[in-house]
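The next block holds one structure in the form of structure tokens; read it before the comments.
Chain lettering (A, B, C and D) follows the sequence in which the chains are written, and residue indices restart at 1 in each chain.
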């Protein structure tokens, strides 16, 4: 099998440095170059933390990079503005983009989709590469068609400021889109201590646990007569995002389609 | 909405008596008659446990029943032999069968499928109506495409004789059908107490816990760098099968198809 | 070993009928008589559900019973008023009481304690015989001396009216009695959906989940840097109370002490 | 409150560097000096990773250190040989040792205990500072007096070579010491896949799960009629040991006793 030839933009960021590790540790991937606005002309091995990675040149400009380096996929882990420019340029050079960002506008997405169609090329834009979390949300949505009683418990370290977590709210919204609406719990239930029954979204209840020692966890619990079904994701560190990036790269090579959201490449 | 008119075969069995309860408690279902080889000519309310259920005649013979009672769906919870005869007869009378049995032969299934096509009628044969368990298996199979490290822990009461459970083996087989084959654990791992790493099926490990107090539980645990995903089903009693029967009835009314296995009606 | 000779008061109640089953199924226990205000002069085997239990006479009056039947322990599962009279009478006849009630007054308890001292006899009064729940509370209190961050998640069927559960509140109070007081979570945390962080008791958070299919469950979760410790009790049915009654009977035979609360016989 | 004045031996080790962090971040602790065989005469802030920690001199020799620095407690995280010498010397200088080591002989322990008695000083030797794990084992042993059906599930990353884990075996042994011996599971149970029922120790079953993404986790599950009780510890990183060290320091200041094993300071 030919290796997939890859360029990474943003190699020094927290996600980017994990991506460098993942690509160089994956048998059928090959890191050809990186794009970093600061270190034009250096080699990646010149930078702290990357000393062991040989033969990977750094470019500041994506055009220059693509003119000089033959590659299949661009992994972009920069910012929305830069990422948009990178994705468009990559497509025009017949390179397939895998972009991790939450910041693209609807117009951005439509423009990219148009170019993909014209060029008959794949492109994946993913606000969330945590594959386990994406599967948890997708399965929860599927289960909610059959179980319309559900509560969400999310658990995080006690440095987290907001409750509930964004993932919990997104899960509830995805469920709400397919679930027959229902006010859960006993109609006459009452809280003897206020807040006991948690937050509510479309009749579902959401509970936020905060403790030192915890990292990022969520359990979606469905119940019906005589049974419960639960789907739980535990995330311990940033490496967990990389399985999502890897699958996105493999998929973008096979599908000549524009895709927004990792959940849409899961069959 | 018109109510779905239902006949139940095998009302005194453990599943059958739950089905009577479920049908009579479901707003849009209507129990029209039952089939019981013993009590021809009686009313269901004559039998112990059913005193409160009015106006439901008992027939011993399905032909007589179908000639006398107008109905949409037959729920059959008898035996494979009787069930096959019932299902065929129902279809010939334009009644859609929902049959819970593990015992049909391949020839039986093909014969029923043929009649469904000719008559353009739906029919659902389900060896397992535990909807939560079916979803757990289906989600596990989906997750296994992305996470190829997985272990199964099943937990049952200590009266259970065989280990692992049939559901655990079936889950592992379903995973095995899609997962890239892998021998899990460290290649040099060793058991200082024999059996610690559990049973093995295609490189996956299966663990069987047996304790008084437990009923029937299974957890499928996937791991990859920095994250785990787990899917768990807890079954407490036979009522848990009834949500599966209910969904089968609703589906068989909408789909003019022959379906084998509840997992094939889940979208 | 001599068998412990036992009398049960209230054999037809929900707890009482389980106690009859437990005593007759326990090798070293022997059921000598029952006390039931209604069926004086009958045998227990005359009553529905007890046909198989031979040679157990029914008395309506405890005095008559104790004059006619030699016994070691009275298990009382009646009401607080009746239970108080039974317990006192038993002690005066040198029979050790094991009483399940939440309704005794402080004066009642002191009176019983006085008689125990005079007679040098054991007596156990237990508002809660769910041994697993009692252990969960005791361990939680012990752990709270070392981990002062803790949240409680209790999960019950959706027919339950009040939240949080009495057990959750009692657990929090027991923890509060030993824990260095602390307002948990980030000082600046904020709920974007009201109630997400649950109820609060002395700075601890309590979350109440309600779903069909659940029975009665509680998890106490402690966290500190890099670790969590959790203690969980799952109760599926009333039989779970009987291990507590059994231990109380064994203990009351060995300890010539008055004890209030099962947690005080656990070492 | 006077601060506890502390010396740490072995500050560059994995445990030692965490201890430096913990002591300097604890309000009522004060780090007075460190002992490191290599850097006599330097300051701790000269070493990589410790630049921000001011005014802490390094000594190679414990005698010199104790002659020059006034202190209350020695935290020793070196090796058994060095640790023994350090502990003895500390006691002779009226400094209380807290030593983390598994390697002391019985003779070593008796010698140290003797010195403690003579000097009326506290000393704590702990093979395991993971307080959560120690509590899990202690609670499991307590529960086993009342629940004699128990299974242990331990879950670790898939780089671990041996199964079951040392903690699982130690837990089973502690349970075995108090539990009425019992061969668990159905007497006629049989494995259709070999190993399904796990390893066995005194009739208890132990299951070892290995998956990438996992760190170090253990669940001890007790069952009896109608209920289960479970105690679970999740350890995510080395920082988790420091709460144990902290408690040992606080305890050694209050108790003028020789203690072996953290479980013996838990009340």
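What we mean here is this: contacts are C-beta pairs under 8 Å (C-beta built on N, C-alpha and C of every residue); 3 or more make two chains touch, one makes a residue touch a chain.
Values in this document were obtained by computation on a predicted structure and should not be read as measured data.
At the far end from chain B, in terms of centres built from Cα atoms, lies D. For the interfaces B-C and B-D, the C-beta contact count is higher for B-D. Residues touching across the chain A and chain B pair largely coincide in numbering: over half of the numbers involved belong to both copies.
Centroid to centroid, with C-alpha atoms defining each point, chain A and chain B lie 35 Å apart. Between the Cα centres of chain B and chain C there is a gap of 38 Å.
The geometric centre of chain B is 49 Å away from that of chain D, both derived from CA atoms. In chain A, the residues that reach two or more other chains under the touch definition are 213, 222, 224-228, 234, 236, 240. Those residues of chain B lying in contact with chain C across their complex are 213, 215, 234, 236, 240.
Within the complex formed with chain C, the chain D residues making contact are 130-132, 135-136, 139, 142-143, 145-147, 222, 224-243, 247, 266-267. On the side of chain D, the complex with chain B involves touching residues 149-151, 153, 155, 158-164, 169, 184-186, 188-201, 205-214, 221-228.
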